[in-house]
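The next block holds one structure in the form of structure tokens; read it before the comments.
To keep things simple, chains are lettered A, B, C and D as they appear, and every chain counts its residues starting from 1.
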Amino acid sequence: MVDLSVDCGGIRLANPVMPASGTFASELAEIIALKRLGAFVTKTVTPGKRQGNPTPRVSEVPGGMLNSIGIPSKGVDAFVAETIPLYANFDVPLVVSISADTPDGFADICRRVSVPGVAAVEVNISCPNIEDDGRAFAMRPETTLAVMRKLRQATDLPLWAKLTPNTGEMPAVAEAAAAGGADALVVANTILAMSVDIRTRRASLGRVMGGLSGPAVKPIILRMAYQCVRAVDIPVIGCGGIMTAADALEYLIVGCRAVQVGTATFVHPGAMLTVIDGLEDYCRQNGIERIADLTGTLSAEAHDASLEWEAIA
Amino acid sequence: MVDLSVDCGGIRLANPVMPASGTFASELAEIIALKRLGAFVTKTVTPGKRQGNPTPRVSEVPGGMLNSIGIPSKGVDAFVAETIPLYANFDVPLVVSISADTPDGFADICRRVSVPGVAAVEVNISCPNIEDDGRAFAMRPETTLAVMRKLRQATDLPLWAKLTPNTGEMPAVAEAAAAGGADALVVANTILAMSVDIRTRRASLGRVMGGLSGPAVKPIILRMAYQCVRAVDIPVIGCGGIMTAADALEYLIVGCRAVQVGTATFVHPGAMLTVIDGLEDYCRQNGIERIADLTGTLSAEAHDASLEWEAIA
Amino acid sequence: MQAATLPTPAPTPSLVAPRAGEFDARILANDPVNAEYRLMTVAVPDGSANARPGQFFQILCPHSGALQPFFRRPMSIYRIEPEAGRLSFLYKVTGTGTRTMAELDPGASINLFGPLGNGFSLPKDGAPIALLGRGVGLATMAPLVSHAREAGHAVTAILSARTPELVMSKDEFLEAGARVMTVTDSEGTSAVENVENMLHALHGEGRLGALYVCGSNRLMLAAQRVSRRLGVFGEAALEQQMACGVGMCFCCVRPFRQGDEIVHRRVCSEGPVFPLLEALEW
Amino acid sequence: MQAATLPTPAPTPSLVAPRAGEFDARILANDPVNAEYRLMTVAVPDGSANARPGQFFQILCPHSGALQPFFRRPMSIYRIEPEAGRLSFLYKVTGTGTRTMAELDPGASINLFGPLGNGFSLPKDGAPIALLGRGVGLATMAPLVSHAREAGHAVTAILSARTPELVMSKDEFLEAGARVMTVTDSEGTSAVENVENMLHALHGEGRLGALYVCGSNRLMLAAQRVSRRLGVFGEAALEQQMACGVGMCFCCVRPFRQGDEIVHRRVCSEGPVFPLLEALEW
């Protein structure tokens, strides 16, 4: 028996696999065995009601998708009243993703979702900060530190900071989030991107630009996760392009404690469960008793080309 | 007859398609009709001799490749003596890509490649600046402006600044490059990324991290090219993930004046020629007489879903 | 505009809604129907063929050469044969995904996810119904015919197309027991005024107890006008691009009228079948 | 170590090097040779079959499901039949690319780019030659046998493998006119000391006028020792991962001894065949 459990940012997970915010909802319970997941992560909720962006809201691109869903939200009150109770009957930790457009707004919603039934709060600081010209909080270390400090004061629950890959200063932002009181980092949200329909010469998304996710981003986000692992002491949760157990293993090997699976679920509704099964198989086949031992086992050895090519003889 | 010629950053190109630096060499002359290209762009040359990075230097990932070739170089003297003359017999503008690890070093090599036979100098400011802790020059507007000013004084040839997509401040860096005297921007170099071989638990590149290129990056670089087009008045040359004419058209439609094709040539040696043919076909089919007229024709109309879905009836 | 009083609908009764699942299905046939459409029939596992009219599947199209298509493609169930364990999809060869579907040979397998979404509701009182469809809309409504017939409803179908040759499935509708009328652009009979008149005539004959529409925005608006004027219950099956197909991603929203408000609803999980009068123009 | 004086080699004479090109080739056969290897034969356009022994093709493997493989796969030409317009590749089913190659049926087409690289050089003087190969190395050297025989050289081939069953192509080598000796791990005959002794013995018999090696680092080192000791000209065909295949990307470099310096050379365009004594241990 492989021990798949991990301690991750203030909570214990039965296994390191959970959904990425915005790619999961209770509807999935009718399709897969939700109780097998390491945690539930809800779609980001905002203080007030929001409709979201104009359609088309998604577009496929080679190896991935663009989205500009725009965080439609029923507002935090309806969320606390209706959504949180939906998950009460599962014995799986519930992580609530929140966002707001000012540091104070963030602290306020954080306080309001800190209710029984919630195991941790994921703060989507990849969203625009209207006090910084609409730049996302996590674009710069200073704004990251400031918002995290306010959030830290607003709750006793574990705080996971979800970073944006659009920054040019990932390690510094990671350090700022940790210094501001984050218990874990989620690396990362989607990468700003676009595509054009050459027949109509229009952007394929109603909002022109949107976030890229799926296999195309994996090598980029994996690199960022690795940079964050080296920059901070708190756990890093890898999130970007995980379609298979092999992808999840790459994240664990570079040092992530857990992973989130997003887009894959759209293509294969059972993707998260397949990833869990695959992690267990890998551990069994490689004599790894606890998956936690796999974290950060990236080998520093130089490539021994001789051995590699010899293998083919 | 479609007029494919464009004015781009101080030179006139017979068509808007050229190779990306590091993915082209005179060896290709034996395989495709090089004289059909809009320009030649050489592999980046550095002041002194360099061996490059340890192997493995490349790795394939879903929808693209990672490389950490590391700019092996025979040094600028050998380059001027041996490489530039190789291209003298083609009637195609020669763009020489240079890099150096200090602003003064950059200015110096720029002066030395400003010789007859060279039509423009592409400055690869995506490389590390040892005076800024090894951060690439083009990571920040300040360092971009500083190095471009020195470069501007060093040559009368057109200067193309090749930017890095790893910055979080693309529009500001683009403005700085233009303010520093660039005649065109090349957007962009590769995106820092990595991958892991889960069997050996080693990074798949000898240098661990490397640059991602190929179809996977196209939506990201296209977005950056679009941001640059909106930020500056000088021409923008799109470069990232172009495999087909359709990809090149996306770049032109968002406002690029020309494009560079890199990785595609490794998979299909004739890719650049196929792109040129496809651009011509598209113009003919759409009644566009001069391809230059296509630049920046991105439609601002909202999506008319009614028409779209009706089309299927 | 006055709000019509409508008979309350009941969900389609006879069929048990199966749990949605993802599985590989063997292709039994995949043949052209006309220049644009193909009909694919697949063998599905136990129970999965118990889908409701109006439901759809998310189809994982085979990958063509390189990197596309990424998303699954939503396709309504065109024919439901629970005893034989068979389902069919009538699809138009349009872009990347459907082009790769068209290349599949019998014996190959294709990955399906479904059945998804909510099906049509029939009026409680055995009232006669009318179907109004164009293009892919026919595929969506086809299984409703036999389903309604079995539940004792008379069915009239108005099939719209560009030309008489492109009118699909007329025989299928007839066999299933519908009275069929066709209107086409080339004959000048498909104009909305004409269709509205036909619906009014049907109503006069006592054959418009409920109205179902799919496949054209213009037809939907016409159906809404008729429904509103005559106080007839109706449903519209809508389309929107989809990623997840099960209500998680919110990409497939369309605007609806809900009292005085305009709200977004997800076509995949709150539809694809919606109350006719709530659907807003696309 | 003393630098040996070597006879100067001449490029393979009889074959005209065709210009490299990219084209789709029809697959004529693609059959298993043993548990690990397959042999694929393709029909190629005029002239493309005029490749030289030691050259290779960059093969575009079919895409498996999603996004892989991205790069072409380099494969030596195993059999060259210019009159019939046919080429064959002997390949080991290893990873993503070769697995998808293995699934291709005759009649399908596969995209090739080549022939690429530099082939083997034969000694000018008609001297007898010896070939030393293991695994895929056999594929690389196979066409050298008939080529050398036609040019009047006696050929001895030492084929190395894990077990006698895995010794491939013995018959092909025999038919092409080579004397064949096999050494295997399971019989304990493949140790480098033994192979070196065999080469010394061949030299004693006057049958080691030049030495060619491919497919194993250990064998290459052994061949280098023998070549150095006996002053015999030799060449080694090397492998390295490739992207472009034509000298542009510099990913396929290996270290070589050039006078006192250690330099990088590109396996694709400066090789894959290199002077034996310049190649450094991998």
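Throughout what follows, a contact is a pair of C-beta atoms (placed from the backbone, for glycine too) under 8 Å apart; a residue touches a chain by one contact, two chains touch by 3 or more.
Not measured: the values here are computed from a predicted model.
Using the average of C-alpha coordinates as each chain's centre, D ends up farthest from chain C. The interface with the largest number of contacting C-beta pairs joins chains A-B. Mean C-alpha positions place chain A and chain D at a centre distance of 48 Å. The geometric centre of chain A is 32 Å away from that of chain B, both derived from CA atoms.
As a whole-number value, the distance joining the C-alpha centres of chain A and chain C reads 36 Å.
Of all residues in chain B, those that touch two or more other chains are 55-56, 61-64, 215, 305. Across the assembly, chain C contributes 66-67, 240 as residues in contact with two or more other chains. Against chain D, in their complex, chain B makes its touches with residues 22-25, 27-28, 30-31, 43, 51-52, 55-58, 60-65, 67, 69, 72, 214, 265-270.
Residue ranges on chain A touching chain B, taken from their complex, read 54-56, 61-64, 66, 139-140, 166-169, 191-196, 198, 200-203, 206, 209, 212, 215-220, 222-223, 226, 241, 246, 249-250, 253-254, 282, 297-299, 301-303, 305. Residues of chain D that touch chain B in their complex: 19-22, 60, 66-72, 113, 240-241, 243-251, 253-254, 264, 269.
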